[in-house]
Structures are given as structure tokens and as C-alpha cells.
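Letters A, B, C and D name the chains as they come in the text, with residue numbers starting at 1 for each one.
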Amino acid sequence: MSWLDTSIMARKGVAKGRAGDRHTITIADQGKFHYVYGPYVQPVLEVDPGAVVTVETHDAFEGKITSESDKPSEILNFPFLNPQTGPIHVRGAEKGDALAVRIISITPRGAQPVGTTCLIPEFGGLVGTGNTAMLNAPLPEKVKKIVVDEGGVHWSDTLTLPYEPFIGTIGTSPEIEAISSLQPDYYGGNMDLPDVGPGAIIYLPVNTPGGYLYLGDCHAIQGDGELCGVALEIPATVELQIDLIKGHGNSWPQLETKEMMMFIGSARPLEDASRIAYRELVRWLAAETGQSEADAYMLLTMCGKVRLGNMVDPKYSVGASILKRYVK
Amino acid sequence: MSWLDTSIMARKGVAKGRAGDRHTITIADQGKFHYVYGPYVQPVLEVDPGAVVTVETHDAFEGKITSESDKPSEILNFPFLNPQTGPIHVRGAEKGDALAVRIISITPRGAQPVGTTCLIPEFGGLVGTGNTAMLNAPLPEKVKKIVVDEGGVHWSDTLTLPYEPFIGTIGTSPEIEAISSLQPDYYGGNMDLPDVGPGAIIYLPVNTPGGYLYLGDCHAIQGDGELCGVALEIPATVELQIDLIKGHGNSWPQLETKEMMMFIGSARPLEDASRIAYRELVRWLAAETGQSEADAYMLLTMCGKVRLGNMVDPKYSVGASILKRYVK
Amino acid sequence: MSWLDTSIMARKGVAKGRAGDRHTITIADQGKFHYVYGPYVQPVLEVDPGAVVTVETHDAFEGKITSESDKPSEILNFPFLNPQTGPIHVRGAEKGDALAVRIISITPRGAQPVGTTCLIPEFGGLVGTGNTAMLNAPLPEKVKKIVVDEGGVHWSDTLTLPYEPFIGTIGTSPEIEAISSLQPDYYGGNMDLPDVGPGAIIYLPVNTPGGYLYLGDCHAIQGDGELCGVALEIPATVELQIDLIKGHGNSWPQLETKEMMMFIGSARPLEDASRIAYRELVRWLAAETGQSEADAYMLLTMCGKVRLGNMVDPKYSVGASILKRYVK
Amino acid sequence: MSWLDTSIMARKGVAKGRAGDRHTITIADQGKFHYVYGPYVQPVLEVDPGAVVTVETHDAFEGKITSESDKPSEILNFPFLNPQTGPIHVRGAEKGDALAVRIISITPRGAQPVGTTCLIPEFGGLVGTGNTAMLNAPLPEKVKKIVVDEGGVHWSDTLTLPYEPFIGTIGTSPEIEAISSLQPDYYGGNMDLPDVGPGAIIYLPVNTPGGYLYLGDCHAIQGDGELCGVALEIPATVELQIDLIKGHGNSWPQLETKEMMMFIGSARPLEDASRIAYRELVRWLAAETGQSEADAYMLLTMCGKVRLGNMVDPKYSVGASILKRYVK
């Protein structure tokens, strides 16, 4: 028996966590990509709970950075960044529900070198930016193109890093807002949290009929914080299983793996992102175990874990989690 | 000669700061109000630069809080808050331009008591909120209805405050985003800055064809920071003169009065809002006077002024300004 | 009758706000200057409540920057910065009391040009710093020496700014800590708040027997935020009247002028400094008028004022105030 | 061969990482405990580099919370909190050096239940505090006393957590400041970082002759962030090996284990703590490998790890690290 059989998806999903129809969205199927998470577009696909969907995603630069001599500042055209595949309409999804999205696999797509990272002027965690506005001169631009294959991430002649892929940007549509795919928030979006990878199930709040699932921005590997602003960006083929949890009622994204349960908060400053994530976790833990919020707060003081997603996006993202074996 | 003749609006406006056609938008004209700043709706009015427009606005609660025994948490229905009149399409406005909006007058509208303020659970500057997430119990809800007339704001039997009205929320549409009217940002929005009142001209960046001017949320008076989260909210009749500055190129709202020039930044934490506002001002001052950025930075160290708009919205707003007599 | 007769100092001071013995501390009297606010030194002077003390202060650079060709990075020797005169022991002062310090006058001292400002690498509000750690290159260093006389601050051939002096750093000793004079905190210190000038009375919490008043770092003029990190620094002669308020019990500095009552908070991020200042003011207003904290909170939402002291020191300082005429 | 033989301590230490004389500091030896990190006291012990010292520490409450019915607010007497053993003078240590402190073991001390945690009014990560000043009522106080033995941390009848001890507060003296042992900063102090446990070597900047090593505040276990403000506090016996790295020149604490190299930053807001830690790591990595800062920045974007120490102390602490196998 797999841990999946005890997941929230299996226990509470409309499809009971069972795989249903298979669908595919290729780059051609998608046609026009999206740069906002919002309800003002037509879905590219409509599915029933249980659907298994294979999705082709662009990299965060829409494939436009092709050489190490490219200048990101000349190529990238704000706000047309971080192109998203979708939205996928999930039948029956209503405000107050959650989409359960199990990530089955993430495979790099296209000709080598498929990985791109770069330094973009006034963007990143250790430089002045549009918000943390400074008078210092920006760092010089720089592009690295990296081969990513079954052997890993070939960073340099002497260093190969592991292939640890995840989805940088995934979420549902807000109810009436349409928000840049560069931003993470209560509906998911650009969280850049390495836990959102194969083996995990993410539960995304539904705010609008059909939920409207968007995704993109896959990363071959990323450190905590996505320090320079962009990870190792890859075009990818992503396989997902989508279920629907009626009335799940989570206010922020929730993520489950075999070992742990996590909530993800996004805000500035970073302590607010952490507070959001931890408060959600306190409340979930109290409800799940029947202990008081005060007791759950004290227990998480002993064994809560924090994972920094990004400290570079318009909001910063943090996951707070507890090992399932401590949930009792 | 009025100072207006030397304003940016007069010097650079398409209509040269001269009043043009008169228009009116009543509550009935508007019909459906808007809760996001975005391009995904039809304009309620289209005007030429120079237009003088009389606009009826709802209060931030859309008039639904009518008694001191009302419970805001039962009446207010997020995200349908802070209803906005507009958008107004300004002919000829293109990305990179600025709308110049001169505020001529703000008059309370409707039956007394026209002013409303309240304590809303998990909202405000001195309480835990959805972002600054706390486990403390919220403060009790509370509503105050206040008579506002020519004599001032009748706060209590013993205290009358002055009538110092301004527009809490005003701005243009983002290019592809549609953002809650509760939020301030680079296009304006819910800045809650008391300087945005009669006598001032605000220059709002244009991001989308026609600019799409929205406004609402008038305040009869407000202290710095809009501390409890809502000012003295009033339905109002606002008279505006709208001009267009081609290629003005400001990245954030700029505000001019007879005495001073200001830039307005919105971000969290509050120092980032201040940094944005001050960096814009440094750059403007350097360009205007021909001094270096370093010299402008040092001069503003001596005589820059900071006004806190709000410290309660999804982003906080700060105006940084310099007296015109020091601009040389 | 002067407003002083109705001040807290006059109503509650041990000396009832009356001037007592006169004392002087010259540079020579002081001998060794101090770079921390702490209890681990002997007082330079011991006085009774009511004492009027004339104090000579160094500028924040201890007079070492004498020419516009000086390099601050070569001259300044951290942590031996911002030299303080004092401490002054006030007889009878005990933990829980407050020192009342009325600022009578501030006069520039020494040969012209007496004013100094500069750009110091990795210091200031619009540059990366030791805390807001960036990889960007620092701005070039720069020194300006400015003539300050009765005619004002002679900034350039074309611009004279007003002489608006205040004490940048003033406070009492912590109980067991000794904290850099670069930092502001609950005991005062490097607040850099322009309101701390002639005509004001500041009430500083006493934490240690005798209170141990320190001061220094006078400024000829400063904008809100002390943007580049140093104001127009001057050596000065300061005249003070010192009284003692037994059991005053303020947790943070309180400041009174003819027109207003203010509390000063220091913290990072800036919203926390504002929260501290405003919470103190809410509680004071509620106690003073007999209204509930909720009512005081709502009233300050209408008419509270915020003044930014610095956004460059190890903690940022904010004053929140209310006009006395609204205190009823 | 142990990894220790390749550690910085072994390669650069005055004692070359070899164990020297043995010393002991018992509670009785210490006599008077310290509540500040500062130079204004006599050392309790003077040692040569290489010394192995067995130190008895109090818990953070100095053992005063003995029962679950105790009220922390009545027992704890600010600023006399978090009592520290020391200082230990290390012969030859001068400003610009680093103390290398290898943590050999941490053993609980005293009668069961030796572990204490509690909720203290206005203290913690999910409540309003003295800095994040709120008007909400504080949470009720609460004390938990927990048995900690070889079998682990006996949290409840159904839940035993692992014994994962570390030193919550350890550091050197500032040069002229004396700072509360509740605060972490560039010299170490109350970092509450779980990595500071057996098996690790921490390199602490020396600011004053002899370095003046203080420590205390051992924790039996703690989650990331020390969420409620106090971990599972235990009195302990700590065994340390102390070496001296001449001219090491680190500005912030550095920590080494068999697998990784970390730098620790402390600041508010949390992003500044992260920036400090990551900038130190960028610069170390560039120097260690000969790559540019830009390349080191990009590599850490791929594989840097962030550990949250506390988000509750006067400054928040974050460790940024890289696996040694990626340092090439």
C-alpha cells in the first residue's frame, strides 16, 4: 500500500485519488500563453476530477534566452514574463474547495543545453531592486546555459549537481483579480518552493468556478531562496493527477508528501510569510489532533520545519511543515 | 497668475492645463462598480485631455454600513470591497504617458451621518492581520457614524475635527493585471495619502491605451497611517480636471502642489515604500536641476519630507517630497 | 502664561518645571567622550532636578572630517563614532521615573564651515548596508563642508536652507546593557528626530539610578529619514533644563511641545517603529481622556501624525503625535 | 581520519585542532551569571587555545520555573533573563581573530523533568510583542515541564520527540558594547540555531582581547524559528574544545560540520538576516574556490540551504550554507 492511499487526496477527493482520463496540453495546444493568474480567459482544457494531464511548459523566459551572450534586459519584456500553461477547468470546482494536484513527473524538454540561469539588472536577493530601491549601480548581466540530463545538472567541468526538479509556479485563479505570474500569493503562483516536486500533492484553494489551474516555470534545481532571482530554468513536460476536495477550505496552499504536511505563506517581509505558513499549520494541527491551538503552537515550537522558497519575487514564500509521525 | 500655470500639467499637458469639456458620472451612470484596477472592462466614459469630470463615488463600504449596531464582518464581502467609479478612457493616452489629474473639489454626498469608520476583525495597523498572522483574539468590532458638514467632522459632543477631504483610492489600470482596489501600487490605487486632496495634481503612469482612470474611497479626514484600517469614509462628489502628459515616463505616482513636489511609493515593509518614493524623488531632482544623483541625495537628506499614507493596506504607501523653493 | 506652565514637566516634575542651579560641561570638562549608552562609567556631572546645564557637544565625527577631500572610510573608526557628552547623574532618579529634558537652545560651535555631511560606504537609506547586505558596489565617498550661521545653512551659492537645529542623539542609560550611540531604542539614543529641538521637552525613561543622561550629535537641519545616513552634523553648545518625573512609567521616549504630544518608537522594520509609537500614544490618550483604547485608536486614525526620524540607523525611529487641541 | 582533521580549526588553529588542557566551570565556580555579552566583567576562566572545557549552564529561566502552575510573568524579571556562563578568556585572542568552538557534547543536568517550555505574554512568533506592538489581548500564559532522558523528549503519553540538543546562546564579547543575552548579533549570542550542536565547530569573531566566550540557553530540541519564543529549555553540561584562528576575519559567525559550511546572520526583518548570511557565504565561496562573486552567487542560487534559527528574538537569526561537496 502506497502512502498515497492515506493522503487527503485519497481520503477526501471526489475521485478518491484514483487516476481518471488522460489528457495532454502541448505547446501547440496552448497556443497563447498567459502572464497573469486570473479568470478573464477561456480554459485550454476541461477535465473531471481524477484526470491525469501531461503538460508542456515553457521556461520562465519563454525560451528567448538562447545564448550566454544574450542580454536579458534587452530580451525580457515586462510584464510578459513567466509564461503559464492553462488554465485547466476542473469540473465541479467551486469557491471554498481545493484542487489536489499530484506531481507525477517533471522531464526536461528540448535541445541541450536546456537549462538557463542569469543575472538580471535590479532583480535578485542580494541586489537593490524596484522595491528595495537603491542608488547603487546594478551588477553586470550574465547568462549561463547548462546541460541537464539523466546524469544531473552539469554546472561546470568539475561540478555536477543533482537533478531535483520542481514546478516554480502553479496555482488557481483569484476570483476577480488577475495577478502577474511573477507573484506568489494565497492561490499559489510563483512560490518557487523546491518541495513542489515529484512525489508531492499540493492542495490549492479554489476561488472561481472550475478552479482554473495554471502552471509553468519548472526548475531543474534550486537552492533555498532562489537567491539571484532565477533558478535553473527549463522547458519541461509535467505529468499531473488532478483531484478535487470539496469544501476543503484552506486559505493558503497546503502540501503533502509521504513524510510531512506543509502550509505555504507568501508575503513581505519574510517574517510575515513565515507567520502565515505557521499559523495555518497550527490551526490544521489543532483541528487534526484535537489539541488546543496553544498546545499545537508549543509542539511546533519543538519540531516545526521551515523551508524558504523565494526571497526575490514580489512576495516571498515560505513553507512550514511537520513530520506526519509527530501528528498525534 | 496661479501656481497652476507653472505646473507640469500646464507646461507639458496636451491641453496645456486648460479646462475642456465637462462631463458627469453619477452613481446611476456608473451602474456596476469595480473592485479591481484592470483593463478587462469597458470604460464608463471617454474624454479628451482637459476634460473636467464630476464623479459620484460610493464610500469604501458601498454604503452598506448604515448603523452603529452593524457588524462589518457580516456585511462586508471580500473581495467586493472599496467600489470604484470608472474607468475613464482618456483619448490619446498610451503606455509611457501620465494622466494628470487635478483635484478641484470633494463634497460629501447623501443623508447624514455621511461619515463611517469602524474596527474590522484582523484588519488595521495595531492588530494581527491576514499577513501579520497572529494567534491573538481579534479586537471586538465597532462602528462609528459621524456627521460631516461645512462645520467639520463632528467626532463627539466635545470634539470637532476639520474637514480635510482627499481621495483614498485613485489610479490607472495595469497593462495586463487586474488588482484589488484595496491595494496601492505603481499605478496608484489605494494609497490613502492625505495629500491627494483639493489643490493637488497627481500624475499617474499610463500602462494601457486610454489610461483607464479609476477612483473612489473618499475620506473626510485621516491621520497618517490610516491606523485602524479605515478612515472617515464618505460617499462624495468629486470634481476633477484630467490632462495627459505624453511620454512623462514616471514609474510611480507623482504629486504636485503649489509648494511641493512628491513621489509616492507603495510596498512592504515600510522602508521599501520610503525607498521607492525617495529614489524617484532623487532622480527627478537630479534631472530637474542638473545636479548629480549624489548631490540630490545629500540635499534631500537635509530637507526631504515624508508623509505616511497607510500602514494597513496590502502594501503600505509613503510620499516623499521637497519644497519647490529648494529645487535649484 | 507660557504653555510650559501646563507641561507635564511643570505639573509633575520634582522641581515643578522651575529652573534651578546652572552647570556647564565643556569639551575639556568632559575629557573622554563615550560611544555607548551604559551604566559602566562615572558621571561627568551630578545635578538636582531643575538644573540648567550648558553642554558642549562634538559633531558625530568628533571633528575629524575637516575637508571635502577627506575620506570618511579612512577617518572613521567603528565603533568609536558619534561621541556623547555625559552621563549626567540626576539626583533621586530611579527605575520607573522619567527625566524631563527641556531643550532651550542649540548653537553651532567652532570655526566655519561648522557643518559636515558625507556619503559613507555601505551606510544610508538608499544603498546596501551591513544589514541590508547587497553585492552591488558602494557609492563613491563624498564630503560636504557647509557654513552654518545666523542666516541659515549655506548649502550652495544659490540655495540657503533654514537653520532648524535639534539633538540627534539623547537618552538615558539602559539598566545593564551598554549600547552603541549609533543606535536608538526605548531609552532614546540616536533617534535623529527633528522634533527634538528648541521648544520641546523630551521625557526619557529612567532605567538605572541617576538616569545617566547622555547627548550629542546635533544637526543644523535634517530631512525626514536622515536619508544618506548623516545629517548636517555640527559641533554645538546646547542649553538644557532637566527635571525629574517620579513614577512616570513611560516605556519609550515621550515628547511634548506647545501644540502636540508625541511618543517615539525605534525598531526594524519601519512599521514596527510606527506600531510602537502609535501604541504608546493610544494608551496615553485613553488614560488621559478616559476613553477606551478602541476609541483612542479610532480617533488617532483620524488625526494622528507620523514623523520619520531616521531610516538609516541600526533601528529606525518614528514619532507618532496628536495635537493637544484634539485631546479631549 | 576524521573530517575534523580537514576542518578550518585543524588547518588554521593555533592548537591545530588538537585537544589541550581540560577545565571545568560548575554552577558554583561561575557564582554570578551574566545577562549581557560585554567586556565589563572579569573572566571566570582563562585558557590556552586547544583547551577542553566542561561547562555547566542554567536553563534560560535560571531554573526558576519549577512547576506547570508557575506564572512566567511573575517569575521572570527582565532584563535578568537567559543567564550566561563565562566569559572564558582565550589567551592570545585579539580583534580580527576568531574563536573556534567545537561542541563535543550536551547533556541534560538535574532532576526530572529537566525540560521547560512556556507561553510568555507578548513574546513569540505568532503574537503581538513589544516591537510588533498590537492592541490585541495576549495569549494566556502556559508552562510545560517535560522529561528529557536518553530515550528522548517525552512530550506526551503518545509522543516522544528525539533528543536533538544544541546551544541556544553562544558568542564573544563586543568591543565596547554590552548587549542583552536575549539578542543575537555579529558576535553570536542568542541565535537559537539548531545547527549549533554536537559535531559542529562554530567560528566566532573576536572583538576584544581574550575574546570572552559566553554560553548558555541549551535546548533539548527546537523547531525552525523557535516559534513560541522558548524552545525546550534545559540546564546542561556542555563539553567544548576551544581553538583560536588568528586573523580569520569573519564578520559574522561561521559554522562547519562534516558536510557543510554555514554563515549565520541576525537582523530584522528576516530577509536582512538572510541577506547577511548569504552575502558572507557568497564571499567565502568566491575566495575559497577562486570563482567570481557573480559565479558564487549563481551557484548558491542552485544549491544554497537556509536554516531559520529564531524569528522571536530582538533580532532574527538565519544560517545559509552549502554542502562541502559542491565547493569546487
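In this section, a residue touches a chain if its C-beta (ideal position, glycine included) is under 8 Å from a C-beta of that chain, and two chains touch if they have at least 3 such contacts.
In UniProt terms, the chains line up like this: A, B, C, D = Acetamidase.
Values in this document were obtained by computation on a predicted structure and should not be read as measured data.
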Farthest chain relative to chain A (centres taken as mean CA coordinates): C
Pair joined by the larger number of C-beta contacts - A-B, B-C: B-C
Inter-centroid spacing, chain C versus chain B (mean Cα positions, whole Å): 34
Rounded Å distance, chain A centre to chain C centre (Cα mean): 48
Junction residues of chain C, two or more chains touched: 126, 132-135, 139, 268-269, 275, 278-279, 282, 294, 297
Touch-based graph of the chains, sorted into line, ring, star, complete or other: complete
Chain A-facing residues of chain B, complex: 35-36, 38, 40, 79-80, 130-135, 174-180, 265, 267-269, 272, 275-276, 278-279, 282, 293-294, 297
Complex contacts: residues of chain C adjacent to chain A: 126-128, 132-139, 269
Contact footprint of chain C on chain B as seen in their complex: 117, 119, 124-126, 139-140, 142, 144, 153, 155, 158-159, 161, 221-232, 268-271, 274-275, 278-279, 282, 294, 297-306, 308, 311, 316, 320, 326, 328
